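This is the structure I want to talk about, given as structure tokens.
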Amino acid sequence: MILPLFFIFCLLSSTSQASVVDFCVADYAAPNSPAGYSCKKPAKVTVEDFVFHGLGVAGNTSNIIKAMVTPAFDAQFPGLNGLGISLARLDLNKGGVIPLHTHPGASEALVVIQGGITAGFVSSDNTVFIKTLNKGDTMVFPQGLLHFQINSGGIPALAFVSFSSANPGLQILDFALFKSDFPTQLIALTTFLDVAQVKKLKGVLGGKN
Amino acid sequence: MILPLFFIFCLLSSTSQASVVDFCVADYAAPNSPAGYSCKKPAKVTVEDFVFHGLGVAGNTSNIIKAMVTPAFDAQFPGLNGLGISLARLDLNKGGVIPLHTHPGASEALVVIQGGITAGFVSSDNTVFIKTLNKGDTMVFPQGLLHFQINSGGIPALAFVSFSSANPGLQILDFALFKSDFPTQLIALTTFLDVAQVKKLKGVLGGKN
Amino acid sequence: MILPLFFIFCLLSSTSQASVVDFCVADYAAPNSPAGYSCKKPAKVTVEDFVFHGLGVAGNTSNIIKAMVTPAFDAQFPGLNGLGISLARLDLNKGGVIPLHTHPGASEALVVIQGGITAGFVSSDNTVFIKTLNKGDTMVFPQGLLHFQINSGGIPALAFVSFSSANPGLQILDFALFKSDFPTQLIALTTFLDVAQVKKLKGVLGGKN
Amino acid sequence: MILPLFFIFCLLSSTSQASVVDFCVADYAAPNSPAGYSCKKPAKVTVEDFVFHGLGVAGNTSNIIKAMVTPAFDAQFPGLNGLGISLARLDLNKGGVIPLHTHPGASEALVVIQGGITAGFVSSDNTVFIKTLNKGDTMVFPQGLLHFQINSGGIPALAFVSFSSANPGLQILDFALFKSDFPTQLIALTTFLDVAQVKKLKGVLGGKN
Amino acid sequence: MILPLFFIFCLLSSTSQASVVDFCVADYAAPNSPAGYSCKKPAKVTVEDFVFHGLGVAGNTSNIIKAMVTPAFDAQFPGLNGLGISLARLDLNKGGVIPLHTHPGASEALVVIQGGITAGFVSSDNTVFIKTLNKGDTMVFPQGLLHFQINSGGIPALAFVSFSSANPGLQILDFALFKSDFPTQLIALTTFLDVAQVKKLKGVLGGKN
Amino acid sequence: MILPLFFIFCLLSSTSQASVVDFCVADYAAPNSPAGYSCKKPAKVTVEDFVFHGLGVAGNTSNIIKAMVTPAFDAQFPGLNGLGISLARLDLNKGGVIPLHTHPGASEALVVIQGGITAGFVSSDNTVFIKTLNKGDTMVFPQGLLHFQINSGGIPALAFVSFSSANPGLQILDFALFKSDFPTQLIALTTFLDVAQVKKLKGVLGGKN
């Protein structure tokens, strides 16, 4: 049976290079491209590349928003590089708020695991879609639209979210405006906010100019 | 201020048609296309289209696999039509097994919510990646590859999975072979399984021919 | 030559159906899908479907922002349906401002035709990129990121912008917050803005709740 | 065993809608979209939708180019609608020529089945890539570039080509110029060809104006 | 004419860099990414990069399946890197079988060149589509679905297949299960196959554990 | 407030890696891939990467076509690498002509800034779409189709064009045929042009063979 097995091996090996593209585990040391990170050599890939433990740890919510976003994007989770999907964990303590934000590169789906969450988004025609979600409820937020989540139950809330990209991006409105070096005068001019309001929030969040 | 408000309204209305494409809530009564279902008229869209309650209900695991997959794909959850993402709930009772299967159209990310799950997949070069996951652990399964999940804890297990497509498809190996009208002789010929084995499993799963 | 010409006609006709997909001129009366509008029957397509005259007319800037965006998206310009590109005209009078906004579905490239424009965007890590542009200068704004344009010259400014999608969407931050029925308390909670500030701007822009 | 089988059926049915998107067999009577034709109802799909017999018949080469292209695009082969692939058969009699042409929407791969074929394409930097191919040789033509095939063996040649789109389109240079109503003066102006040359070829191919 | 030719050269050179993206011939020595291999420098590209001779040689069918798959994927054929298409040759001797397999990353189109082939696939709702194909017949297999080909004629069969990706992957069911180190107990648990059956096939195919 | 600010910083930093993919400014020194150039390290990115001044300079039209195309593709404008959009400037002096050409990888949208332009394209079924455009008029040219622009006003014309790809490519018909080393006999054979005509144009444009 040596001969047949040899040729089966041929069949196998002649196509095994194809497996390179079953996945492309991120090699953070090599260049990345618009399609994602370069691929680690298949021989160096292990099951640990496809497993992420970071979402099992509660995010620290001792902060001003009483909430924490823990991402598992391709920058943190090498195995999902190029696979068009990523995840994050949302911890919202009592009174916790995930402020208005967008994901420039992906749509989001949220599942409530514990507690109650009121979530909403605004569409391009300025329609507001808001819903209070209970354990097990799911809500989807279309790509690039402003959305928020707040704890609306009496207990700490937990949710997992997934995204339609390995790297959805995250632009938090308040951080973009008030935690950056966006000049106060330009913010006022392009948002109609009062200068005093802008300065007040820059004071809290640490923005400059 | 009538005049300015009028022109602001112009600015608004001149672009509000663009909101059509912020999302495309599935209209199941209209034709679908390779890109998904037709879009419901924006005026008929409500927040309920973006919310799904079906994943909050435990799947019935009183079946031969002691497990249940509850999908929230575009066929069940109209709001994620065209958004490139979908979800499912996995309930695995003690001894529960999600048999070997593939998603022809998407990669999958799994988060363990309760219990312990041993999961694995096989790549094109026949390497097997298997890992036992605990609460909060995440694992990714690249598109189209055979994979499985089994309850490896002492208690019922719960996981949520998400997919990189609004309709990932689900091909369960045993159902494709033994719950279909795939002729027994052809199965034996194309899998090397013994005819007796094929007939035995067809008997259990209800396949014909 | 009758015979050969007949067969040439065969060659032609046997493949001419393929031309259906050279383009897909929008049929606004038929269903649309996540990929865009349905296609008008090729026999009904004329050159006018591929030509748009609306960007030749100066937008009316007698409004609160002293500026106007005139879109040529697939909802206005049927010929670019499905082609992955669209356009708009920006008129900025002296002191004109295009307030902070995003395009959820596309990247943008701007060309200054007349006057001077100061433009900027903020990235996900809250870095601000601002530049004053003169006639003929081009600037690109990556998909989904907050950006603005203001007239920084002494004369009315004109720019044309193009997008990497036939329907990029347009979410104007102030309209999403203050021209919508987004409840004031929720805005305050998810933006840290003072309630008085929110109410003031709702008064100007006509928002409710 | 009724009960378990019932629940297996639930598992099956709860996900069987997903199969809609395994494929989208073209329904030529319904609207088409930029993504392809609408999908035939799964219940009406048969194996014949996935099989095409037209490429088994030699194309008639009794024409001016002594060659024939027989397409199996989505307009002819409903089963490959939306699958991103299509086929064609090339028959080249002795002296047969497939004139310079492009496929606006796809790359092409050619396999020589019989005879000898000299093929070539020109890249954007005007480099010419020409090769004489024998039986079993394969050549790839990148998307949208001008290319040709001629019979360079002593016998009739046969090749099968495949494309990276269900509808690659086919623009034959001579037909675009000389079999259309492209005004002779405009052709001369935009190609530098002599008017006499244009008129001569319009006479042969039947072009107007 | 020196001056004009100089400026024509400018026009040419100013855009010739664009040719970089007409194609991206694989540079196997550089990193690859989710989009494929890095591109060889255009100056080093020759026509041989776009031609592949390997499909002209009959595959050796002196093996257990009396068949051979010879791939021309991007790992073997550098010129089709990034072009969204690839090819393979199928040789099926008398009694030859291409066992049940999937292509995780592409749809497949098959053309019968010689002999008779019976082919089939199973969809997500466990419908089986089987057809006996003769010389010149074409069949399409949607992405990611289990399918097979067997020689059903009295003579050796030859087919060429093409794929909707430069690297479709190839997962052969029997090799994934019985030629890998997939533990026998886990296979039995996730396929319902008898342990004896699994051990028997591992013995034939060389699987471990 | 140190503590909360510290954790806000955590929230920020934990996700700031995601910003890598907001954009991928071209690093011309690193490998490129089918998806575009490698990304410059975010720390090295400046606003100048997103701004291009080259389109502000009139192209030199003292050449045989009395016209010039000035591209701002990813090869010239690093900031639009991977963003799916690019630009070019068209200068057409009196009598200027952009000869028949295609963009293999993108659709094009044109805006007339000054003067009058007559533009047209030919579809796969050899229908010709021609229109005379005035200042402010826009016309779209579907991907990969032959098209042209000529100055049809009494004054020099200026237009800006945008493309649905960061690198659309540009294949000028006359340069492909008559400014290359495409053998004269093969051109004649594959275009039906007279050898004398081919030689005449090669003499003007500098083609060989």
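Per-chain residue numbering starts at 1, and chain names A, B, C, D, E and F are given in the order in which the chains are listed.
Operating definition for what follows: contacts are C-beta pairs under 8 Å (C-beta built on N, C-alpha and C of every residue); 3 or more make two chains touch, one makes a residue touch a chain.
Since the model is a prediction, treat every value here as computed from it, not as a measurement.
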*Counting one step for each move to a touching chain, how far apart are subunit C and subunit F?*
1
*Among the chain pairs A-E, A-B or E-F, which one reproduces the interface of C-F, with more than half of its contact pairs identical by residue number?*
A-B
_Chain copies touching (subunit D, subunit E) - same or different residues, decided at half shared_ = same
*asked:* With contacts counted as defined, which of the two, E-F or D-F, has more C-beta pairs across the interface?
replied: D-F
*Among the chains, which has its CA centre at the largest distance from subunit C's?*
E
_Report the inter-centroid distance (CA atoms only) between subunit A and subunit C in whole Å._
26
*Mean-CA-position distance for subunit D and subunit B (Å)*: 34
*If you look at subunit F, which of its residues touch at least two other chains?*
12, 15, 18-19, 22, 31-36, 83, 104-105, 123-124, 126-127, 130, 142-145, 169-170, 175, 179, 204
_If I apply the definition of touch given earlier, which pairs of chains qualify?_
A-B, A-C, A-E, A-F, B-C, B-D, B-E, C-D, C-F, D-E, D-F, E-F
*Hey, which residues of subunit F end up touching subunit E in the complex?*
31-36, 60, 62-65, 68-71, 73-76, 104-105, 165, 167-170, 172, 175, 179, 204-206
*Mind listing the subunit F positions that touch subunit C in their complex?*
12, 15-16, 18-19, 22-23, 42, 46-48, 50-53, 55-57, 72, 77, 79-80, 83-87, 106-109, 111, 113, 121, 123-127, 129-131, 133-145, 160, 162-164
*Along subunit C, where are the residues that touch subunit D in the complex?*
3-5, 7-8, 10-12, 14-15, 17-22, 24, 27, 30-39, 81-83
*Quick one: which bits of subunit A touch subunit C in the complex? Just the residue numbers, please.*
97-100, 102-105, 120, 122-124, 126-128, 130, 142-146, 148, 150, 169-171, 173-183, 186, 189-194, 197, 200-201, 204
